[in-house]
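Some structures are shown below for you to check.
Two complexes come next, and they have one chain in common, chain A, joined by chain B in the first and chain C in the second.
Up next is the complex of A and B:
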């Protein structure tokens, strides 16, 4: 029995005054149901939606604006270490800004004029629209993850470069099943090395290259101390988020999936404000601890326990839909889920490289993703997995079919594959029906 | 049809049996799907390099959707679908699959082969920033690993001598194909675009040394025809270049449409199965493995490279050399890299004073009417501007 239920309202229903103006053009965000009593959550939303204001202020202070995409490694921490830059991660900003991107001004579809196919990944189209229209200020530098990160994302940046935007390509090495690495031949699985020394050396070198570029752009040296300070912020945020995720094991679940996903995703770039973001997630952590103490929750204790996986996510509504169907998302895989602490003593570029190469599962074969899904499902005692990607993602469909087979084989739990579309275009009725049927199926399995 | 071309077709028809016999004697077939795969290394290991290159058929696409999706590149779907269908022997025979993570759609296909078809695979780490020295070192390091896997497969150590021999064989192929294409600079080319592209595609599938012997015969015959002023087209054909996504072996729908009455000549292309296949040689200097890595990484790039400006320069170079009057940019449906380049291609080539038609298709025959109309209208524009 749930002792007390935390009522989650839509953002629109309980709009805090400081957000009212900022949220005017964001109808999709306003529809989401969150625990709007959480001060930490309000702060996160505020950081996200006030980016145009923050970017303008940064420009007035003489800082340069960097938009990054598909870079979940060291590039953003390096850029955040310099006082000369204001850094945004495009995909996550797009997730908050669909109202503007798809609204009257339709920044989203503009990309089709420049060659981007209609059926291509929505994020990449949103990225292009954001840059062309300087949604969060005109960028001085675009940073595009490429290599084994998505084709579509870096392709759009290549077109933007052709259109005159200064672009840096951050090479991301391919992640191979560690069993295929020569260094692992003969090793038992507990001692698998996820990358070769050559790949590590390569990654450190690339981070050095990027750092040198930023120093040249700004005339400001990025020292080891500055990098370590940023690393400490990341570790603070990761610690708080990890504690929140741990607390979500409580029955009933004290924090909803939207809120959890928001902080995990935005942790990638600390929303351009490291101190502000850390403060927000730490506040949220303390607030969630109080909810746990009061034995309150956002969903019934006997909700079906799910691992959520896939990449990328466009519409947070799906998390509300899953919870409405009677499931709680406990295990997470996919998207930027780097939560392992970064070594604060080592050479910072080496520490960042080791952290990124050692933890982040995508950008390679599915082995890493499967491993994470299995370990999270076991850790959180999950009864099923929902894999969700957006229509137009070019690599995910094949990954999904592999993941489904391997996870079902390893754990004996069912895996639902779903595809969703943009907020507004999303056939939410169909998706809801499928999720409800899946949750019912999993519940019935409990009885057998 | 010229005798060497007939011979090549016969060699292709016999190739499956040839490989089967070699496998019975203990030989290994290493199949690959991307032109960035250094076939020289496979050859030097004693294995049979074979690029799985078939396309143009609808049924394998449909079957391939079991592991992919309907909104997926038809070539990649076929890569899986031909295996499922079971009719094409080449797709049943690989002892190992090599692939690069050339594009998103291709990236996980080796895993499908590994997990569902029990075929050992290796995905080569192929950097996109091909112009950086660090990327070359990353690629080279990966090829060393790949080589070790091959050695375990074939029980043959890959020596520098074996690599040098492989380089010389494959460079010879490239030189000969370059000469073949150059005969198409003639006012009335001595070989159709279809036959030229087919000859280039067969270079990925036939035994390299046997292929070179027949290719040499073909090239010498073509060069004689040029000297004698003999061509295979009607007088003064419209000179067309093709560019775009992979042109698979068997994907001839558009090519047939263009050349059906021999008044239009496909004089060149920039396909990875065509001109980009042979444009760059391995420079035989220093470590052979490093020379191979350098050639493959820094050659005229695929659209997946960042940035692929060098490809546009190559297209412009080909336009000048082959006196191209119109460019047809052919992309496969859901091929996002090449598709996204379409607007840029049109803008860049317009500056050269050449019209560009962008067409998008797949392996079904449903759009043949539409394609025909668009292509005919394009040719009318070109004729009027002459």
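Up next is the complex of A and C:
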């Protein structure tokens, strides 16, 4: 059987001439290998680029602006269900637009004026910088995940609240089942008791508290029908993305890692435009199916299969570096992203709580992450895993060292820890050296 | 007769080794990296083939390595420094399990299996202490040649402790010791111990298993070698001409590749 055709396109090579302005708007894009032949990809980037205009328009229409951060559960779907709010997920929108793609650095350092350490995680600093600079207009409400999130980020929101920003703290339990180890000894992964009834009840109450706040702020009731409509959008997007991830099992890998990562991260808040985002990822799914049909791809068929994990990632060049070294990322953890479907029939708040608690915890106890990484590595037959640490994120190297040992022990595959900084003009040589050595080592293991 | 070459475009110097099919060195060169990587590789190759008495077309396979490996467009392929230094270590010492490669700006540690394949590796983060570049700076501060500081340091009479693990801060500590009129040999031995501590922390990440081989330019420094032996409590062996280990290993891999392709 002949090998599939490998086509690797940079943004500059594939961007349609009529969209050349996109590169002026987002100069960092030029540094990435990202296939802009895909209409779905262009739509995603256009949604990102147009977000300041969309936010301004929403304001003119009388809608309120919500900046959410550190939350991957039900809060954003609930907010998106109300016509009274325009919702942005700061970690993604701020970093993707201003940091990663536009290459702006100033808003990272804004927070230093308020006592936030220079060494702190750039994502957290970006959250603060976005609010201080009102990049999408002064927010009417900040929604900050706390508890099972990041303590540094929570503190930053406390500072912002002290500065006069109305802030809602979304309480997320660190351990969803306090007796996890005791009750799950010897259980199959499918039968694990991931959360207790008390925690579920607490989560539903929390979502109810948030919904009530939004209704009070806007004077508009958020009905079950409104919530179900949003849930359907989430399910549409998650289904399309899951299908894309499934299709990436094809050889050669039909879609690059940058594109795959983008859609997963943006799925958490549907880019503030549920219908537009669903249309974009469904278009991309159809295009990927055609690529698979043509047996084309972005990397050689014998590429080393990698699970990519860690939190968070600012330098998207690392995905290109991994592919350049001869590996393809198939399993994913972090981002953060949940892709399991939400029940459309149940009480919506209960369905959102069950969906969140039943999936793996992108924040929180390491055991859940380990289980997720092992599961994804098995599903995609991965030969190694890479855990990335963003400079300044204090907890991820600690998590990484635990995960490295546990995943190596459970699967017998090596786990590499990489450390990335803010994106520069060129990919980091230190990171390249590590990835190349890792891929070479995994290839050598094939011969064992 | 097959001929293979390895090209190591390092941060400080570019090295080329040409081997015949008996794994004998028939030509080699080492020039300081003062220009673009591709220019230096070209010059080093010309010098090596001149010494070998062959023309470029007689070389069957070329592998490049080092930080500038991608600049060598005429190489058949490239390989990481880890693989090349490990190939050299395994060639000279088939019982090698740990390879410590200390170059101008990098400290790379590999753990090998019984067949010489890399099982695990570690390298320095954004930190220069424990590398040749740091030792060059120290030599300048002592107004000595870098090739002399190792043997001179072995004349130490007292073990001083340099607390700073950062190369920049270590420099200020060294200045303080100079002002205190601490003997040069004692200061240099203190530097050796600081480097050895740093390197042993990388070794401990992947596990210390004998036999331990040291390669790279810093392996020519007897002071560093002795301090590492002391800190790791283990004997360390050094292959001939350790500075050429990257290029020699690349040539070995090229020869192997050539053999596989036939």
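Quick notes on this one:
Basically, the second predicted complex is superposed on the first by the 397 of 448 C-alpha atoms of A that agree within 3 Å, B and C clash if a C-alpha of one lies under 4 Å from a C-alpha of the other, contacts with A are read in each partner's own complex, and residues count from 1 in each chain.
FYI, a residue touches a chain if its C-beta (ideal position, glycine included) is under 8 Å from a C-beta of that chain, and two chains touch if they have at least 3 such contacts.
As the structure is a computational prediction, the values presented were derived from the model and not from experiment.
Between chain B and chain C, B contacts the larger number of chain A residues.
When the shared chain is aligned, chain C comes close enough to touch A:445, but chain B does not. Looking at the shared chain after the overlay, A:433 reaches chain C, while chain B stays out of its contact range.
In the superposition on chain A, contact is made by A:147 with chain B only, not with chain C.
Using the contact criterion defined above for the overlaid structures, shared-chain residue A:173 touches chain B, although it does not reach chain C.
Contacts of A:394 after superposition on the shared chain: chain B is touched, whereas chain C is not.
Look at A:414: by the touch rule set out above, it reaches chain C but stays clear of chain B.
By the document's definition of touching, neither partner reaches A:20: not chain B, not chain C. Shared contact residues on chain A (touching chain B in one structure, chain C in the other): none found. Listing the residues of chain B that touch chain A in their complex gives 66-69, 71-72, 101, 103-105, 107-112, 115-116, 122-123, 125-129, 132, 134-135, 137-138, 141, 145, 148-149, 303-304, 306-308, 334, 336-337, 339-344. Contact residues of chain A toward chain C in the complex are 414, 419, 429-430, 433-434, 436-438, 440-441, 444-445, 447-448. Of all residues in chain A, only 113-117, 119-121, 144, 146-148, 150-152, 154-159, 161-162, 167, 169, 171, 173-174, 176, 180-182, 196, 198-199, 202, 205-206, 209, 364-366, 391-392, 394-395, 397-399, 401-402, 405-406 touch chain B in the complex they form. For chain C in complex with chain A, the residues that touch the partner chain are 67, 79-83, 106, 113, 117-121, 123, 125-126.
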